[in-house]
Amino acid sequence: MTDKPRYNLTELLACVAAGLLENGRSAFVGTGFPILAAMLAQRTHAPGLLIIFEAGGIGPQVPALPISVGDSRTYYKASAASSMHEVMSASQAGYVDYGFLGGAAMDCYGNVNTTVIGEWEHPKVRLPGSGGANDVGSLTWRTIYVMRKQSPQTFVKKLDFLTTPGYLTGPGAREAAGLPAGSGPYRVITQLGVYGFDEATKRLMLLAVHPGVSVDEVQAASEFEILIPERVAVSPEPTDEQLRILREIDPQGLVIGK
Amino acid sequence: MTDKPRYNLTELLACVAAGLLENGRSAFVGTGFPILAAMLAQRTHAPGLLIIFEAGGIGPQVPALPISVGDSRTYYKASAASSMHEVMSASQAGYVDYGFLGGAAMDCYGNVNTTVIGEWEHPKVRLPGSGGANDVGSLTWRTIYVMRKQSPQTFVKKLDFLTTPGYLTGPGAREAAGLPAGSGPYRVITQLGVYGFDEATKRLMLLAVHPGVSVDEVQAASEFEILIPERVAVSPEPTDEQLRILREIDPQGLVIGK
Amino acid sequence: MKDPIENLGELIGWHDPDENRRWIRENKTRAMVDKRTTAAEAIRRFVPDGSLLAMGGFGHIRIPMALVYEIIRQRKRNLTMFGKTAVHDIDLLIGGGCVSRVEVAYAFGHELRGLSPCGRRAVESGQVQVTGEISNAGYQWRFLAAAMGVPFMPVRTMLGTDTLKHSSAKVIEDPWSGKPIALLPACYPDVALFHVHRCDMYGNAQIDGITVEDFELARAARRLVLTTEEIIPHEEIQRQPWRTVIPFYLVDAVIEVPFGAHPTEMPTVYYFDEEHIAHWLEASKTPEGTQKYFEEYVFGVPDFDAYLEKIGGKRRMEELKRIMALQPPSTEEAAL
Amino acid sequence: MKDPIENLGELIGWHDPDENRRWIRENKTRAMVDKRTTAAEAIRRFVPDGSLLAMGGFGHIRIPMALVYEIIRQRKRNLTMFGKTAVHDIDLLIGGGCVSRVEVAYAFGHELRGLSPCGRRAVESGQVQVTGEISNAGYQWRFLAAAMGVPFMPVRTMLGTDTLKHSSAKVIEDPWSGKPIALLPACYPDVALFHVHRCDMYGNAQIDGITVEDFELARAARRLVLTTEEIIPHEEIQRQPWRTVIPFYLVDAVIEVPFGAHPTEMPTVYYFDEEHIAHWLEASKTPEGTQKYFEEYVFGVPDFDAYLEKIGGKRRMEELKRIMALQPPSTEEAAL
């Protein structure tokens, strides 16, 4: 009989993600993992984090985890229940600092596919498409990706379809395409570690591995070469306090599991 | 001692203007004379006339004559109290049939000046500018002008400044400039008569003279040549019923005078 | 970059602004007339086969489900749908054989609930054709351009991606900054269907909660059909005219349908019916299951009231109201 | 028409969208902090000499007069004003020597009340310079472009006129219809001043009645100062968050100033003070009269409360409330 581990992967990733969010800044969050991470940040180091949902909820006191980005819980006791025009315009105008996204596949520049597997004209698997992802990835200052299934099938050399822009083809490419200057992917969190992007090449670069994960495992789980700096950190384990708060936010284990 | 005349000029013009408005259509109205005419139309032949104010009032039950186009009386018991974006967009999209405007000077194509007398750089008299007039004249289907001081100084060969578009330089010129197809000045009402625009030349054409006014007087009160068709009507005199309603709408004589 | 860069997506829903102005002038009355009708009549009149269709609400929020079921019941065909985060609605309409084409911002998925078996089957088999890609904000702003009566809207999203390449956008050089900027063509759906909290019989409508894309979509669509939780007296509208999100002259039909968004959420009123949504997701895993679902909930009932009885009637709706209000189940239900 | 046709008006208030995004990122906090302050402090901080200034409201409606008087009291200089139907505010600010430049949609007039003696004197003598012309909707849409963070907005107004020629618009060929269309450059005022019905101490604000251009202007201005009839608890905002017209992160300062729009109208609360407006129009016929007016109502009083006492205090404001409510004067007043 083994002991139940002190925390699970979702809890670890939520703590890592929460740690990226600064106080006094704003974040576009989706349902599920992102709202969990954002609420954890609010209840620890970033009480002044402004949570925004792409359908119009601004600054809610989320009473229970919402199921949809338009769910009325996304504007419960909010500062404003507005519209997509309002929040997407605010983002385009520079008011939204962080955005959370996921994806079926990513390339080394942080470009992401959520549209099709196979050819667009004759898809092997048809995925839902951009939704608000392209907008978040285009317009917020810093996009944070959470991909729980890093593998050579999800970290790929060439995307079947570039749904949401990362750094496109490398340095200066976003600006050359007309995307807002200085914006782009900021961090990628997977089940193995945390990545940033190298300033000079805009390529994915390992920043930290999670406890117990080796650098070799990280590289093996990618079709493209991941830049590995001299010094790679190890993600801090969740504190008891963080775990307590997470279970308060999600008492039914809808996101963190039971 | 003379008898007080049965009606005054404002009352006559209001009845003429009201008669131009169709039931089931919409009109941008301003304060003063236009709202008086529109309310008269509503209470006679056009109960389904939709009154819209450029600042956002839609379909009010005006309780007393408003002083400003943003006055709260412009949306008293209204269907909507919206915004300029809302009503100007509706107009640009084709929802507004009539617009009422005035002007300091007009040329033979129905172009109007409300900006400066003299040179723009060194004005002799600085007038308020376009306000919403250019928008109304550009975007509504049919613009109705009311100019109570027709004279060679106000019906001019060349405007000091073209604030609001009539037919610009003649047939096809509005469309060539990019203005909405099929829109433009519809009628001009002055103290002397009622004018339309000749289909072929888009020049100002006399349609009717007011009771007691001669065609010669009309031409004498214009610097440019007014087209005079074979048959010129005479404006009908206000009925007692119309006069009764006008005085109900404006009991203090704010617009119609005391 | 003097010539605009064109993209590959099929242009759907665009009209020359002058042509659309003429259509508005000739087809939309400005008179306040009683527009109350039935769902059956509104769908017969305003959703002919082949229509370009858009829904109000968002995802599983405030979807005009009574009208969705009625479209299926009337076996409408060859509809093109604007997939503006279209989730439950489009999935059922595809399952019902009503939709043959879709422009996709988000479709074939149910957000956190997973992918749509039914929608995916149809698109992967070629039964449903994707005309092009776009993003949520992209739709929002296509509708805004139409609502404003201008041919396009400049945006800074989608640039540099395959989403843009498969859209109907063009890219020009901003004449002020010299930087590339995307122009999205205006989008005028033939008809949009909404469910609102309350409106009067003329169509003046109020919405509580977020309006998502509805403000702009209501003004972009040529025809607009409203179902409403409640028809209120015009005097109620007049009391706070600044609460009117949709003025009457945009509206073609008004139908009072309490609980008309079930099983989707009606903000502040009732919550998602997760059980029913799960039932659909399970049933729609096979064509047979899909057919059986429709036999039971659409073809097997004459109208939405009978459907409501079938899904649990008043008791179920009261339960969904309590979940919305963050209250525990009633003792009566807890005892069941 | 591949190259845009440029017009002659001076381009004021435009920023490269990237440059403005950077400014927003660095200068606007997203934290909910207590922003309550005084009119004197807000004007000192947010309206430096030389600012590009815009006012909320419209004409004589909901004008932040307490802030207008404070600008005059602090003898601000070389302001450029966006004349978006600027009437009483700009007239006083010109009279006070604060404004040296104006872009004009509507200025130098008082609508039905006639032309502005003071404003006209200044512009005809060259003391105030007109930078360019525009229309009301033109401003509305310049603000919309800024609020959206895009460099321009396409519009179908102003085309073919001298108003366009003296504006900062450009004309291009719509790449879909091939027809000419005007592009108006985004307009970002340095600071906008608003008077609202109610807001919380963070700046979440509600407005009753028409919003005119305020929704877009609030989002376009770099700095936003609110005076409010009443500061309400945040809980009131949370109860109906869909009533929030201005969310807090746009707001830099909040000042509670009951009757802060006097002598202009506060919709649903108090009506225009026609007597006082007439007094200004009469006084401002001469430079001496103008100076005397300011000595009495601005320099001669320490703040807005003292001004209110001077114009008739609570009794006068109650009277203006009754006119708004379409009620007859009180018997007490009728007896005076």
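To keep things simple, chains are lettered A, B, C and D as they appear, and every chain counts its residues starting from 1.
The rule is simple: contacts are C-beta pairs under 8 Å (C-beta built on N, C-alpha and C of every residue); 3 or more make two chains touch, one makes a residue touch a chain.
Computed from a prediction, not measured in an experiment: that's the story for all the values here.
Visitor: Once the contact rule is applied, which chains count as partners of both subunit A and subunit D?
Guide: Both subunit A and subunit D are touched by C, going by the contact rule given at the top.
Visitor: Which chain has its C-alpha centroid at the greatest distance from the C-alpha centroid of subunit B?
Guide: A
Visitor: Once you count every C-beta pair in contact for both, which comes out on top, B-C or A-C?
Guide: A-C
Visitor: So how far apart, in whole Å, are subunit C and subunit D when each is placed at the average of its C-alpha atoms?
Guide: Roughly 38 Å, centre to centre.
Visitor: Using the average of all C-alpha atoms in each chain as its centre, how far is it in Å between subunit B and subunit C?
Guide: 41
Visitor: List the centre-to-centre spacing of subunit A and subunit C in whole Å, with centres computed as mean CA coordinates.
Guide: 28
Visitor: Can you work out the whole-Å distance between the CA centroids of subunit A and subunit B?
Guide: 58
Visitor: Where does subunit A touch two or more other chains at once, residue-wise?
Guide: Counting only residues that touch two or more other chains, subunit A contributes 75, 81-82, 92, 139, 180.
Visitor: Counting only residues that touch at least two other chains, what does the list for subunit D look like?
Guide: Each of 17-18, 149-150, 155-156, 179, 181, 209-211, 242 in subunit D touches at least two other chains.
Visitor: What's the contact topology between the chains, one of line, ring, star, complete, other?
Guide: The chain contacts form none of line, ring, star or complete graph.
Visitor: Touching pairs of chains, which are they?
Guide: Those chain pairs which touch are A-C, A-D, B-C, B-D, C-D.
Visitor: Please give the residue numbers of subunit C that touch subunit A in the complex, ascending.
Guide: Interface residues on subunit C, with respect to subunit A: 57-62, 83, 85, 104-109, 111-113, 115, 119-120, 123-124, 126, 130, 133-138, 140-141, 144, 155-163, 166, 171, 179-182, 209-216, 265, 267-268, 271-272, 274, 324, 326.
Visitor: Mind listing the subunit A positions that touch subunit D in their complex?
Guide: 23-26, 48-50, 58-59, 61, 75, 77-82, 89-95, 97, 139, 141, 180-182
Visitor: What part of subunit B is in contact with subunit D in the complex they form?
Guide: 31-32, 54-57, 63-64, 67-72, 74-75, 81-85, 88, 92, 111, 115, 120, 122-135, 138-139, 161-165, 168, 173-180
Visitor: Residues of subunit D touching subunit C in their complex?
Guide: 2-4, 11, 14, 16-18, 145, 149-156, 170, 172, 174-177, 179, 181, 183, 185, 207-211, 240, 242
Visitor: Spell out the part of subunit D that touches subunit A in their complex, as residue ranges.
Guide: Going by the criterion above, the answer is residues 17-18, 20-25, 28-33, 146-150, 202, 204, 219, 234, 237-238, 241-242, 244, 247-249.
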